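Shown next, in structure tokens, is the structure this report addresses.
Order of writing sets the labels: A, B, C and D. Residues in every chain begin at 1.
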């Protein structure tokens, strides 16, 4: 089976970020998306710690330690940026003002359920951050993740087994094998990674994929 | 490219439809988007619900909309002022409905709409006529009233300066309801005294551009 | 009976505004109070339309038409002033951050009920403004008013007959005849206007005044 | 005269009592009042409930309070980070209680406390483990969770600049939870990189001084 690299999955997703979009990118794979958005599109990235218009990493020697994104990485401002406090930041999210949020996931289910904040392993303290606020407030939730776990177990499921981040919130899933829309009838295939067939992908997917 | 500038007041208000719920910023004569309201009066679009702190004074602003018979309903905290002649005329003729909301509850209901809050409990109004028919609850020994979010189709906003991203800042007490109303409408239209060629300084932005859809210039101050 | 002038009632109330207080003054008689606060006290006046630190009227030719108070009068800033929007303004009020609000009244009752926004005359549209928010959020509500109506009918009552602004919210009442505290047992005399007796005042007061 | 300046970090935190609920601003390492927290660690005052977005990292900040055994309870959105060794140690030993709150709900609950709101409905967390045991309601077809205000005895705040009236402004993403926490405590203590001799420009104030009780200087940036 042909698997896209993480960068290539991010590149695929980036095609679906339109000009003028307001976008929140989660930590990890989602954060890679910004660098692949096609030229000529002006996209405003929001980071929940109080910046709209997140710019690239600072040049050597120009870092401001108090100018960071939600993953605590040093960032910069761009023309059109604004700073604000946490209540305004979550008004943007919860109030439906962002267009797209890109999130990682442990599990996604065919009913749009998302699990990305806790596993069944209770030996570690739970941590939720802003994920639950994003999924209820942002109209389009794009999940980006590997299609299966390292041990080969499926992450694209009939029903999530991990605690939910939100019920019925996912719009679309981008993996190293496929792009899937969540519809009223379950997952529907949008795209296959080159060289694969739907049967290949279905074989490592617990949920049924409609073509 | 993000560019929310539109060429004229007329173009800016062209998307307003009959029956729309329209929030209008301002308190007293400060921060009222007179230019946009005039342009709206000229369209003749009617059946509007106006949400604003006051209900107009003299012949301008919301009074112009009332005079032209465009307003079916007013939601505000203080409709009766020395100059509110057109509101009173329409109200007494039964031509306009009125919902009076305490000023802080008005601001908070608008904020709830803009912030995705489904409703909240406030002590304001508990035990008064304005709480009649509303859900109440005793919390830590005090009476609270349940208040619902107040959404709008359109917000008409007055700012001191705007840039092409829709970032806004305000002047003195002309800020008032403008920032919160900018968050609560499907379509937020701004008249700014200055439309900047350069981006606003990020630390000085009061309303981030994400809340704004259209920006046009109107230099006149009241 | 000796009646204080409105200015003298305001002067009396002003003695009770301590140094460093945050105060909201209603429209009309309450607004006179600022000018009589004793020298050496730094008081920050809030106006609900978005200014903390309301200064005096502007000098000739220096008026800013967008710098007004809640009664739409032209004002100025003072050192320490700040501007903010309506949500922050009412967070100050409702959140209990102001120390004192001074309000006018149609009627005050011995149980602390206040009526100052509507009468029984329904021919005019009602208007409430920020009064209901102030009375629930500010710990000390001082009422300033004439002791009786022009027709001689009482305003200091057993129970209000007009629609309430808030139940049980008044701390103290300042009139041209007396200063009265609202206690668990009703009105208690604090001060008499010079030359009057409690009996004089009781005679024009519907509620009982404890000495 | 209004003068909220105090001479030292030590004096600034002297009013904190055992068992106090303490809000601490900051996100990541930006906007954390490290100076005030260090001073609090030196007092040894214990039994604290800490409300903050994170639960400390490395040896400094909230980690120092956890290391010194001063924290009985943590209310936060994201306690587990690569550096949260002291939190994890205390948590796994059962020495500290944890309440995890979604980040936006945390901010909104704090705002409710500061703004006199008795509680509110949010969609955040509906249908998840974090809504278990909470009141829910269907509003316009969506599920909402009822959330209560979160008050504190003390707020420890980091600002860029302060004046003697307690007016504050912030720097870049060091703003985060600081403005809202400043509104929600009985006693709000600020460390500012600069304590100004002159009043701040009224238009540039982010936190009006009415929300602030004490201001002291601490120049170091993280």
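Everything below uses one rule, namely that contacts are C-beta pairs under 8 Å (C-beta built on N, C-alpha and C of every residue); 3 or more make two chains touch, one makes a residue touch a chain.
Quick caveat: nothing in here was measured; it's all calculated off a predicted structure.
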| item | value |
| --- | --- |
| Interchain contact steps from subunit A to subunit C (minimum; 1 if touching) | 2 |
| Neighbouring chains common to subunit B and subunit D, by label | A, C |
| Farthest chain relative to subunit A (centres taken as mean CA coordinates) | C |
| Centroid spacing, where centroids are CA-atom means, of subunit A and subunit D in whole angstrom | 28 |
| Cα-centroid distance, subunit A relative to subunit B, in whole angstrom | 35 |
| Interface hub residues of subunit C, defined as touching at least two other chains | 51, 83-84, 87, 90, 93-94, 136-137 |
| Of all residues in subunit D, the ones touching two or more other chains | 108, 111, 115-117, 122-123, 171-172, 203 |
| Touching chain combinations (by label order) | A-B, A-D, B-C, B-D, C-D |
| List of subunit B residues in touch with subunit A within their complex | 1-2, 111, 113-117, 163-165, 167, 183, 199-200, 202-203, 205, 208-211 |
| Subunit C residues within the subunit D interface of the complex | 19-20, 22, 42, 44, 46, 51-53, 77, 79-84, 87-88, 90-98, 136-137 |
| Complex interface listing, subunit B residues touching subunit C | 27-31, 77-81, 87-88, 91-92, 98, 100-105, 107-108, 111, 122-130, 170-180, 206, 221-222 |
| Touching residues on subunit C, where the partner in the complex is subunit B | 47-51, 64-70, 72, 83-87, 89-90, 93-94, 118, 123-133, 136-137, 163-167 |
| Subunit D contact footprint on subunit B (complex, rising order) | 108, 112, 115-123, 137, 139-140, 142, 144, 169, 171-172, 203-204 |
